Structures are given as structure tokens and as C-alpha cells.
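Have a look at this one before I ask anything.
Labels A, B, C and D are assigned to the chains in the order they are written; within every chain, residues are numbered from 1.
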């Protein structure tokens, strides 16, 4: 009997985030016998290319797919056919997806957004103007974080949200230019919530150039090494992230368990930190959503603990 | 029996004559078009939001114009010779990423001047390859450079690397932070005009001088006007083609390094997809996509216009989602304007 | 020159065969399953239709090209999605919804194609600049009206079946694609418009002197390309059950690659529907083959670029000059 | 035919002529344009290259000046082999050329068009060498002065495309005379010049000659050639057939060498038809800068000739009647109904067919097949089931035309580019005959067509007229008009200058009317 084949399909190959994820994917395969794991992804962030890759994987009759969708809605049809052909479908960052068997969320997205908002509000003394960024409006999770933050802030009447959900298109330079514009349009702004992992880099640069390291509060998703310079200078006050390596690893755990017919229940320990006590709820379709509490807070004091 | 009266020949009214003279005049000064749009945009944005009129804002627009401006100068030169280049972003990405990796890993102490030198040489080499292909495949430059764009980018990402790279060489980092002058913004923060802005000024001056005052410059326009005639009159059409693409490549290489120093990171995925905005800027500046026409002043105004449009939308409260549509409308508007201009000027 | 075209056809058949043989030997029977062929079949139409649009633009000459295809396809989907539910809710009648969706999308295609056609045909603008501008304009409108997010159709069985499920073993969209290609081939070969289009592409001045309505032919050509793009938009929407402004950003190049590989001459006057279809199939086979072989997707971009240049070089070489005279059908 | 071993004519073979060609051959697809041309050109002399349209004059010049490569043969300049070295080498060796199409760069200024090549050649290879503006201006001024154009700044910096045709021609000439060339070649430089400009040009040329340059002049205007004097080189069908002292030869002699037959042959037009119903009535037709107040009429079965110099307005008149250059005022009636001249397709639908002058650029789809070229005008009639064009009917129609017009071709699916000039022209005429027009306009119907083809074409024209088709021939080939027409209109300066009955008219009378002596 051949090894079971589990293929992880990411949004785009090569970005640091997914390079880190691949470590987890590969590790799972190495640590477990009877299962082969690998990761693939399109060369550019294009939903069509991701769909084409999945089509071909279905034809290759892999046993399970673990997918981080570029744009969940465009994959519904493909994934339904995958399941129809007996392929297990595990997804990540796509809790709106109907055609999935298990969707993994590192945490509750609204809570994650609220967490940033909490930091920002604290840092700003619960008053003043703030804004939020998203990689793109199509990135569901980014939007959920921004919404989560907004909801949390509602309790502070003195907090004013301006120009919400600026789209950086995952481009640091774009984020930088947007941040500059916002600083100009709202000279009194103090709070920035980043969306895509690259947003804080752009915002940080704008803040640093304006010499406003001490007056602003910048929090958002980010990777420690990439953001380290701005964390050190204080332009970015704090980041949080979930370790993509763990996410990749856990997706493969879920795939393996699913293939073995094991059920996942609330309270299960998946053996990876942050996923020791998962919550399982029903998704919008037949499938279930598995949530951990896997975010990590990083600031100037501890970024060097993370090698990526 | 009918009498044929064709309407458009009846330009008898004085008003029509003035209008006609205006058209002819603007055909010779195409830079008037972007200038007009810039003034209109500035006035309307300024009227909606007075914050627009800040020195720091001007600095921001100039700073954001540098990389696009360098690209645009290259595109201008290629367009003037009757070609079209869409591979310059790939060249820039290739040069900036490989060079940054090379400097960091091999010669971390390399100064900024040699870095720019190497970038220019690499870019020029890759550009020359474009020129050779266009000459020898005798195919439309657009299609050839689409091909090289994919090849270069694919090669970069397959064989060189994909990782975002934050620890750029110190020389590049320091250069990116050097300012010529700084202005104090509303909140007391300092906004600077970076030194690399001077590179754009330098490149624009050199390009202007080259196009206007050197033999190769005039040869470029000659080839762009009528390549077969130019060939017969003794212009080395092939060399001119290779030269213009190499020149565009050189500027792209330099622009790539500036992109890294300004962003303080090297991301091989960057710059892809910005070609159209650059070509739009050059076309808005009055260069003809069919070759033989175009000016540095017009191009620079076109670049400022595009930067303006993409930077001021937040100030006036237009969602940035509409930016692309506005850009497209601008291109169509400019293309229509200039094509009608050509028709009228040619009678 | 017809021998040149026959050669191109033979060449494309050869390429298809070569890829299949390579896949059989290197991948094995997993490649040769009915399911895989059906899956590839569902992926071909959208690109194939866009490539046919590029072909039409190229045939018409004057540096003809259509860079706005995928933008218009997406815009058609977006606009149709926003308007169609107001006419017939999908829950009431899925078929009615699909029909009104398609009709609106086609309407958008007609309008978009007409804009291109007017500007190129009647205003005399250069195709590159026009389709560059409309590419941005169409994309921009689609971003603007959706605010950038994807719109989900949800699971509507009729639409999903149309987009993804085979009928008598053949994916329906592929069937539609072949029918459209056939119709287009007939249009180009057996109607006045078609015959005139090719002649005009080879010599626009002579066409004007011969009394062809050059402006109107250009207009109709780009209009047709717009309609083909909107059909691609309908197929994309059906296949992915959603519409989004930035779907298929890589299609601009790939459509041009397919056309050039099919021997369509960028200078105008030549191009065959059959060759474009074969070329689209070859590219899909190759693409799937790369996926089966687990070849890096970055490398595939590199390969596409290289292939584009190689095929351009190929059209510059008169291969039949190197074929011994005996092997040539007709002696000199 | 001349060849190098047996030099004939007036000049003695000196040791090393400035330029020598040895059995040059040139093929364009199916056309054998040069068939072994050998000639010698000495410094300080004047040469006239004479010959019928399409006999290969321009081709010969392009090869000498390096703009095209020959298929076989050699070009020697001052004894050095310069074959196929390209235009820069030719310029460097002192050959300056004014091409028939002028070869100006439309988007550059007058000064640049004149003076740039000089500096490019001088600094060849030094890309960034500064453009010497003052020198550019100086040499442009000098050259413009010589040809009698203004020399002020405003003119120097004008874009060439904004100049009128005559000035453009003078600019092209100025460029050639600006440099101290060893050989100045001019391909029909006087076509759009006024008499005064021509006189001026002749003065310029004499000065060049006195400074030791050779001048090679291509012209159709024999009288002009005689005024200038020098060696006449006569070409026929791609061969150099005769060399003579041009001022001593008569028109009839030169005509004989050019065509290989006596000029005035029997008319093809046998009988003057009796009064036939009118077909086309043109009244008061005017087009700005082209022609004014044109009145003419053509009856069914009548053949009308229109001639005049290139700038006489005859070309524009032909274009107007074809719907290609809508007139400003005037009326045109065809068969009793007003004819809408606003677009070619309308004119064609009313039964007017136009065979343009420039077969290659304006008439034929060279890469396309004979069948496609012929049947494109009658696709509507070839429809069968479902309104689709029937391939078999198209084949049949093309085959019929092929036979009717005796077109020599491999088969109807061969590309037109593979045919010889005469057969190409017959394909073009066949296209329009297939459409069965009421009025056939032929613009230069036998330009570049060999004698045999000419005859066939003339017979076709006659038989169509006999069937009742009205024919309008616009041409500068006077014998052709004399042989074929019932009436001949001579146009001058945009107006109809004279109307002649062709029967009994002699070529000299017609010629003087045309050139206006």
C-alpha cells in the first residue's frame, strides 16, 4: 500500500509566510510514516491559477488537499468535485467556505482583531483617531480582523475610526504610501491596525519618516524578523501572528485524522502549542470549523526569539 | 441632382480658425495636456481639502514619482524609436533582488556608487537582449517584451529566490534615508525630500540632452518616424533599437535599486503590474504609441499626474477602488485627444 | 501560403501528440484518465475564448491586439451578477437566472467590445493604447462597483452543472467552446465579413480602395472580441460560482501566447480558428503535465515566456524551405 | 543589352569610372525587375536614365545606393567592390540619392532632414556625439539657398510632414546637393515642381556637374532631358538597351528604344460608336488644392482618357470618382441618378469600379491567393445555402476570370505575389470586371506591365466597352490613351485644359498640351 498523499495548496509560493508554512508541512510528512506531504502554490496571487492547480491535483487522485484559498468563493465548485471524488478537503483561513470538511482557524478572527484593537486603545489612552488596513478586500480574514477591531472599539466613544480598511494589495510600498496619505489627511491620527503581514512594514516606515514613533500606536499582523527593525525603533509597537509552520503542520494533522476516520471534538489536544484545546463548531456548509488560540504577541523585547 | 457639401472643410468662422490654430499649436506642445490636467486636479483637490497645499505633500508626490519617473524615461525613449517595452519592471525586480543578495552575501561593504553602477550595467545588458530579440524576431516589441518579462520574472523566482529580504546592505539603507531638505509638517514632524530624487533629475536631464542634442537622440526619432526610410538614409536602425532598449534597461536597473533603498527591503514580487501606469504616464505626456514623438518634459508631467491621481484620492474622499478606472479613462482620453490632434494637424 | 498554414496545423497536432506521449511515459495512466481529460476540458474554454478574441484583433492588422479581454470578462460577470438577481432570483428559477445572467453579461460584452471598436475603428486610435486604456477602465469599474471583493453566487446546481459537469462525457463549457469556435470558423471562412477581414488585415489600403468599409469591419471585429470575452466571463462565473475583478490576471499573456503559438501573425492577415483551439489544448495539456510532474509554477512562467519567444522565432523561419522537395506536396 | 566586355555608346571606357555595375539582377518574388544591368558612370557627366514605367529604373537606383541588395551582380565605386554594403557605405563613398518617394523623415525638422546624415556618417559609431546645431543649420541653409527655399529659422525648424509636396521634393533635393557627393542620383525629381523650380534645379545641377560630380537623373520628361543634355541610358524590361547623346535623339527614337517598337501603332479602338445613351455626367466638380470646375461626361460604351502632369489634378479626380476623395462642390450623375461619392463602397454598389494606380500598395492583397483577390468583389453573388459564400462557386468564378483574361498562374490558390507584374495587373482588372460594373475607372492600367500583357489588357478594355461599359482611363502613358480612347481630356493646374477626339490625334500635339510648352 502506497503512502497517503496529502498536498497543501497555498495562495502563492515563495512568500516568507508560506515558506515558513512549508516547514510545517514537510515536517509532518517526515515525522509520520505512511503519509506523504508536500506543498504547492501558484506563481502569482491569482485565484484562477490556484484553481487550476487544484483541478490537476484532483486528477492526480491525491488523498487529501489542505488549502489556503486565495479567494474562498472561487474554489467552491472545485472543492465540491474534489469531495465528490473522495478526496478529503481541509482548509485554512476560510470560515465562509461551504465545500470543506474541516476548516482550520488559528483563532477566532473577530477576537484576533479585537486583540489588536485592545492594544491600540490601551496605547492611545482610549481616545483619538485610528485606522485599519487590509491586504485586500477580498481577503476574508483581513476584513474580519478589521471588523473585529471596529466592534471592540465601539465601547470607547472617544475613539474615532477614519478611512477604514485601506487596501495595501500586499505591497509594502503601497502600504507606505497609503499611510503617508492618511497621516496627511488626518494629522492627528494615532492608531494603525495592520492587516496583511506586510502592512506594518509600510506603516512603520511612514511613521518613522514622519518622526512619529512615540506618538503613534501601530499594531498588526507581522512576522518577527521582517518587522524587527521597526519594532526596535518603536515605529511598530507590537505585532501578533500565528505561526504558519504550526498551521501547516496542524492542517496535515487534521487531514491525517480525517483520512483515518477520527473525529475532532471541542477540547481535543492536537499536540501543537496553541492548538492544545481546540474549539469545534459547525461551518456554513457540511463541514466543521476547528479553532485554536494560536496567536503569539511579539514586541521589541521578544522578536529575536523567533527565527523567521 | 445633388450638390455635395462636405461639412468639415468649412472652417470659415473666426472662432473655428482660432480653435484650429489652438489645435495646431498644441500639436507642437503636447505637454500642455498633462499640465492642464495637473492644474485642474490640483485646483479641485485643493478646493475640497486645503491640506493639499502643504510643502510636505509636494515632497511626497515628488518622492513617489522617482521610480515611476525613471521607468517612464526609459519607456519614452523606446516609444520615440517606435517600440514598446513592458519588461522594465521585471528587469528592475531582477536587478534589485539579485544585486541586493549579491552585495549582502559577497561584498557587504560595497559603496552606493558601485552598486548603482552594477545595477545600470545589469539592466542595460538585459535591455539590450530585448533590443536584439525585437530586431531579429522582427515581431511587435510589445509581444516580445511580454515574453521577456515572463522569462525574467520566472527565472528570478525559480532560480534566485522568492523570500522578502529585510536586511539590505548598509550603504543602500543609508542612501535611502539621506534627504536634500526637510520640511516641517503640520504636526511638527519632519518630511524630507530624499537625495535619490536628484537621480531622477539627473536622468531626466541626461535623457533630455540625449534626445535633443546628440546624434543618437535624433536618430532615435528618425527611426521612430519611418524605420525603412531611416534605414535607407544610412541610420543604423538595428543599433538604435538595441540602444534604446538597453537605455530603458539601465534606467530600470537604477530604479530597482532606488526602490530597495526607499523601501528598505527587497521583495522579488514587487513592481510587477505597475507597467501600465508607467506607459499611461508617458502617453499622457504626449508620446505617441506609434513612435517618433514625445518629450521629456511631457513625460515628467505625465508621471506627476499619475502620482497625483493615485495619491490624492484619500484627500478628496474618493475610494481608492476607483483609482484604476480613473487611470483607464485618462489613457483613453489622452489617446483620443492626441489622435484627433494628429488628424487635424495633418489636415 | 496555404502550405504554410497546413504546416502549422500539422505542427500543432504534433505538439499535442508529443505532450500526451511524454505524459504517458513520465506520469503514467493517472494522466490518461477520463476524469483528467474532463478536468482539462473545463479549464480550456475561458482561455480559448480570450485567445480567439486576440486572434481576431491580430488578424485585423494595424498592430491589432486585445489586452482588455479578461478585464471585460470579469466586468461582464460582475455587472451581470449585480443586475441578474433583480430580474429573476436564483431561488425562483435557476435556469431563468442563468439565462438572464448570460444575457446581461453578453450585453456588457457588446458594450465593452463596441467601445474598443469605436475607438479603434471610427476614432482611428491605436489598438494597443485603446485596449490598454479599456483594460484599466473595465477592471477599474469592476473594482469600483464591488469595492474589490468577490461576489459569490453560492451553490446553484444548474449553473454549477453548466460550469463543471460533463454531458455525455464532455464538459458542457467545452462543448460550448467548440460550438462557438465552429461558428467563428464558419463566419471567418464563409461570410463576406470574414473574407474581408483577412484581406483587410493583409493590406488595409487596398481594402479601402476596394470599397470595404474598413472602419466598420474593425468595429465589428473588436465587438466580436468583446462578445467572446463576455462568454468567457459567463463560463468563469459558472465554473467558480463567483465573480471577481482580478480573476485570471495572468490570462493576458497566456491568450497572446496561445494565439502566437497557433501561428496567428501579429502583423495581421493570418490566423486559423482550428489552430487556436489546438494551441489552447496543447497549452492546457502542458500546464497539467507540469502540475503532474510537480514542476515549480515559477518555472512555468519562465517557460511560457520562453515559448512565446520561440514561437515568434518559428513564424520567422520558413520551415518548409528546409523540407526536401519530394516531401512537399507540390513541386516548385 | 549592354555588358562590360562590349561597351557601346558615346563614352570611352576610362581606366576607372566613378561607378560601375556588372550584370546586376534583381528578383521581387515573381518579378524579374533587373536582368543583368552593366553600366559605367564618369565624374563630371550628366546621365539620364530613361525607360517605361516599371522597367526597373528605381530598382537599379536603390541597388546602387545600397538601399536594396541585388540578387546577383556587382557594384563598384571607384574600383572598390561595394556590393551589398548598405546605405551608409554608399553615402560614405559619395553617392547621394533623391528617391522617388522622397525618403524624408516626416517627424524631423527641415534642417535635420538635410544635415543630419552628414554628421551621422562623420561620427558613425560615436553614439553620444553632440549634434552640432550650428553646423546643421549652416549646411541646411546653404543647401536650401541652392534650391531656392527660405532659410530663416522658422522654416528650418518646421516639421517636414507639414510642408506641401513641392517643398518636400525640394528639401529632398537639397539634402542630396548639400554634401560634396561624387554622384548625385535623382529619381523623377521634377514631378511636382513648377517650371521655375525646375529651371532653378537645372541650374543647381549644372553647378554640381561643374564641380566634378556625376549626376544621374531619372525622368519621363524627354524635353527636360534634352534641355539639360548629357548621356541617355535607355532601359527596357530590366535591361539597359541603349546609350545615346540625349540632346541629339528625337522623342521617336527614344520611344523606339524604350518600347522596342514604333511609337504610334494602330489603334485598338476600331470604330467610333454612334450616339450612345449617356452614363456619367460630371458638372462643376471642385476639390480644394486639387482641381476646379471639372465638367465631363461618358456615354455607355465610350472610352474617355484623362491625362496631365502628376500635379494636374488628374489623380485626385480619379480618386474622387472612386469615392476615395469626396469633392467639395459639384454634381455627379450616373445613369440618371445622383451618385453618392462619400465612400468607395457606395460608389461600387452603384456599379463603378476603380483600378488604382499603385497595384502593390492600393490594389492587390499580395500574400493572398489569386482566387481571394478576384472574388472579394463578388462575394454577395457567390452565396449559396444559409447565405454562406460557396467555395466551389468562388473557385469557378476565379477560374473563369483566369481563363477570360489569360492569366498565367500555377493555380488559383497561388499567392498573387508569385505572379509577374502583367499578370498581377490582370488579376486586379479581373476582380473588377467580375463585379460587372457600369463604369470602369482605370488609373494607369499598364504601369509596369510588359508589352504582351499590355496588349491583352487593351483588348479586354475594348471588348468591355463594346459590351456597353463606360471606361475612364487616367494615365500619363500617351500612346496608351491614343490607342484606346474615343476622347482625351488634358488637365493642367487643376482644370480641364483641352478636350481632343483621339481619332487622328498625334502624340506631339497631345504632349505639348500636357507639358504646356
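One rule holds in what follows: contacts are C-beta pairs under 8 Å (C-beta built on N, C-alpha and C of every residue); 3 or more make two chains touch, one makes a residue touch a chain.
Protein names from UniProt, one per chain: B, C = Sugar ABC transporter permease; D = Sugar ABC transporter ATP-binding protein.
Note that the coordinates shown come from a computational prediction; the quantities given were computed from them, not determined experimentally.
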Selected interface, C-D versus B-C, where C-beta contact pairs are more numerous: B-C
Between chain B and chain C, centroid-to-centroid distance (C-alpha), Å: 31
Gap in Å, rounded to a whole number, between the CA centres of chain D and chain C: 44
Distance between chain centroids, defined by C-alpha means - chain A, chain B (Å): 36
Contacts with two or more other chains, residues of chain B listed in rising order: 154, 157, 162, 321
Where chain C touches two or more other chains at once, by residue number: 147-148, 249, 296, 298, 300-301
Chain A: positions in contact with at least two other chains: 13-14, 43-44, 137, 167
In contact (per the touch rule at the top): chain pairs: A-B, A-C, B-C, B-D, C-D
Contact footprint of chain D on chain B as seen in their complex: 1-6, 9, 210, 212-219, 221-222, 224-226, 229-236, 239, 243, 292-293, 345-346
Complex interface listing, chain B residues touching chain C: 84, 133, 137-140, 142-144, 146-155, 157-158, 162, 273, 276, 279-280, 283, 289-290, 319, 321-329, 331-332, 335-336, 339-340, 343
Contact set on chain D toward chain C in their complex: 322-324, 343-345, 347-348, 354, 356, 361-369, 372, 376-377, 379-380, 387-389, 391, 413, 415, 431
Chain D residues within the chain B interface of the complex: 62, 65, 67, 87-88, 90-91, 99, 103-108, 112, 116-117, 119-121, 123-124, 126-131, 133, 161-162, 288, 326-333, 338, 341-342
Footprint of chain A on chain C - complex, ascending: 30-31, 33, 35-36, 39-40, 42-43, 147-152, 155, 160, 163-164, 236, 239-242, 244, 246-251, 287-288, 291-292, 294, 296-298, 300-301
